[in-house]
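Have a look at the structure below before the remarks.
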């Protein structure tokens, strides 16, 4: 951590900073500049100390973090890529893993049709929401446990692993009985009670990025899962909130190389929630694979016009099949396969 | 809702939109423009129907919402201002209500000192965190129930109502035993399980704005509380995430007149979390009162240099006393009092 | 345009809206909803009238635009893709056009080396800055006309067309003597004097997106060029300002399919300015081609360590050659070539 | 500047950083941490050197700026507040200076009416646009020089100084013949040719903040004016672009205390352009004065319903008079006057 003193700060104030750092077990080095004194605070765990600890002291102008606040999710902690195994599928390897299915499970017929169709087109994981966090209390909130049972049935019938969202920290055990991968939605990325409970479950988990959280905050949230000993963490980029209004959320394509640079965790992309409109999904999906994403999460519906939730962003079966063919080409061109 | 058809959409497609609207119980009026057909869908509950319902139909270019998605929080639903009573204090009236105290309860001595000091300076509610949602798992997470007990003790000793945050939906009952007002933090504004549980408790609640949520989303989240029959809802603006990096969050000062225009609920402002730095707190607090805020939530600490959490944004006792004197002047100049 | 009246607006107020619309030559249709009156204002040029014209009238709650404010840049105005020819190169066709070179022209040796290297690797246009808009007055501002002469010399020696930036509206003629394509930088996207002058010149122009401008504003700025009769307009996405701090600007990958949907103009991507760091350039460049971009603008430097400006984002010759090989694969996988 | 090396960077790489710094005339201090080497680069003009200079060197992980990139606008350069005199009015003193008038000058009658009304209500400067930067080429672009002549006439008749916008760098002399204060609009904050020309003119200038520029960029743009010897610079906050859609631009209220902390220049606030709607103007104006703004820029129109440009944000004469009365109270409560 680098502490910049105000111009003309006296020796006593500089010494207070030094003493504070030493009391926390850090090493200190003073830089007596021509204009300003700068104190460098050194040690392996400075990333876990708040900058406020020093910023609040008299005579301090600013405090800059050198070490990142996350630790377990960092590449410095673990240099090689992590592979996450879930229901027989490996995420983070050469294969680009496509997870597809309806936004919301509506009934048996709908789910089975979609499951069959996406599997035939090459998806390796079935997605489907049973507990839905909806922005309005007057919207359909999901089939809840009945939906989970349908999901488990599809898994059994088709031999495809399933992923579904957890919203209540006390539902982790319930959902774990039915699903192969737990999903933490964007609005819950910093629901730390939920993260701790899922961390303890040790189950594979897809941690979606909060739509206004930085990558640093996202990896720090992943530390909540990893700190409980759960190493099967997959990151999910799903678009961030910006001023642009032609799309629901702006997909942060650079998140992929940034994550690959700073973390060992696999990262997948959800083009459907970012786009909000089916016509934009294919271009974003292709871009994600070209940029190095380890997988995709795509919404598919037998009849988007009749979907209860988010029909506009769902692909039809034929659209999905066509997209999978395109993605196969892109994957190959970057040395991977679908 | 206004459905704009693509240029040249045929009669069949327009008719599909009309039939869909009628099947949902809406009235329809056709606008046969020179370039485009526009279908107006009318009825009191169109705000509760997703725009996707129509956007997904063939031949539709765009769908625009006229009715707001929130209902119970709107001024159209209730024209006069709501007054929220909590522990003998009324929020939303002529008095500007100041809630002050430490970010985090650290120990008995710290809390009692602050409680006494803020009460003497004119604060009407004591704030203090016992369950802390921290971005890093390696940070101090609060005293939990022991903290609540200290809070209740301060309330008894000084006769001042208290506010504290709930993070786990299953802790509502526990916290209700100790606190007069429950606080929903920014990161939980769309934790719908939590909102529903607090709604059922019927307890006074401060709903802080998600730091990247629009005012429309905020009022829609308030509907979750109101829909359960809890009418004692206070809104709390605490800064939004923008590109500006000289401050932790940019306080959205216009949220105050916007809320006053579209909602009947009282709104207070938290300058401390927005600023992140004590030197910016007074100017923002003054601005909030001048703009018409019904109250403030301010962090105060006996010795910010030693604070366990967020010390940089806390005011000292003397800073707080000076600010209260300034706020009294401002309140008077807008026809209110402190 | 759709005008929503406040609940209970009287007949007189509705009539004022109707008369105003008719006075501007529009057709009007009234929608008498159960809760509100909604006035639809119809006609081909409503996009060119400000919403304020109606919003300011008493009894109006809100005004919503149906027609887009841009016209000449829209696909409704011209359905087929525009091809832009410049210096023998065609932008917007099957070939993905790569424009590469140094951020800033430093001297003859540097420029000639880069020009030769990028041409050999397959770039079809040479880029190089002579007039540099720098955020600080104390930074190097470019070689100005001497730089232009070097650029023209490289063009002659190597037979490669060149692109360079114009910053002063009164320099258009000067720069036109040396360059094949004029570039309007991000900070000048809404410098309307500059746009008008370039429009009149009828020269090929790359209009970079303002880093905080919506796609609608970008296409409306393109209308400034097109309205002067200059049809050789290329759009350039170069990243937008968001809260994310791991990258200089967040590249808006969805801008590509959005532009393709709403406009006939070709669009290219500048991964270098978005990334700000060479390590992120290849992933973004690959994503852009996969998403359907018509070209790329990439910074290359013989020795980035010694670059006078923006060295951190420049690729070395070998990095650039490797990236071009990757891009060739991606282009092929989406049915194009490099 | 603080250069952080990657973990395990060898001595040679650290030495390259040291040599580079020394070659630029800086002092260097090495911090040999347990995990990383950190190089502190010291000297009064490090703020004027790009971080890229070091970031591009092999083995460098990140470079952090300690010195701000602006210099002449900083409080470290000049400790006491600057007072700007223009047309007999002093900006930055005890008086809160209100500049008011129409967005656009439409004709003699309109301008004279407004000028008289705002002067009577206590405005000290008349504003009025003659050259208008409009987002669409199909919108009214202003009366140009004819408008300037009307402005000068109002000044003469009423003895009130006037402010108007310059958009073309080559119009500075023309406009200087008619106006007391030149205005640089938000879209031109980084039009460096324009800034340099205005800097050379030495005329009082209001530099509006780019709607997506940080305060650091804003003060760096002010350095362009100051570097030419023009010390009569006034800053103008007018709202920034955020995700919030209930207002045109979110007024950054914290910009006021931040500017006061880091710069000696006076700062005024434009609530009209931020709000975009007359109903939000008074609350924002009151907040600005309470936060410490040195002045306001407010749009007033005799008949907003008939305004050619931005009528929705203009106040009527009676609204403006009422607001001035409110502002007088607020100014007094913070120890100033109107």
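A, B, C and D are the chain letters, set down in written order, and residue numbers restart from 1 in every chain.
Just so we're on the same page, contacts are C-beta pairs under 8 Å (C-beta built on N, C-alpha and C of every residue); 3 or more make two chains touch, one makes a residue touch a chain.
All values derive from a computational prediction rather than experimental measurement.
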| item | value |
| --- | --- |
| Shared interface partners, meaning chains that touch subunit C and subunit D | A, B |
| Reference subunit B; chain at largest CA-centroid distance | C |
| Pair sharing more residue contacts (C-beta pairs) when B-C is set against A-C | A-C |
| Centre-to-centre distance between subunit C and subunit A (centres being mean Cα positions), rounded to whole Å | 31 |
| Distance between the centres, which are taken as Cα means, of subunit C and subunit B, whole angstrom | 38 |
| Junction residues of subunit D - those touching two or more other chains | 212, 241-243, 245 |
| Subunit B-touching residues of subunit C, taken from the complex the two chains share | 2, 4, 7, 27, 29, 31-36, 38, 40, 42-44, 62, 64, 66-67, 76, 212, 241-243, 245 |
| Residue numbers on subunit A that touch subunit B, as the complex places them | 48, 50, 52-53, 55-57, 69-71, 133-139, 167-170, 187-188, 190-193, 196, 211-212, 217, 220-221, 223-224, 227, 241, 277, 304-305, 307, 309-313 |
| Residue ranges of subunit C touching subunit A (in the complex, touch as defined) | 212, 214-216, 240, 242-247, 250-258, 260-262, 274-275, 279-280, 282-284, 286-292, 326, 329-330, 332-334 |
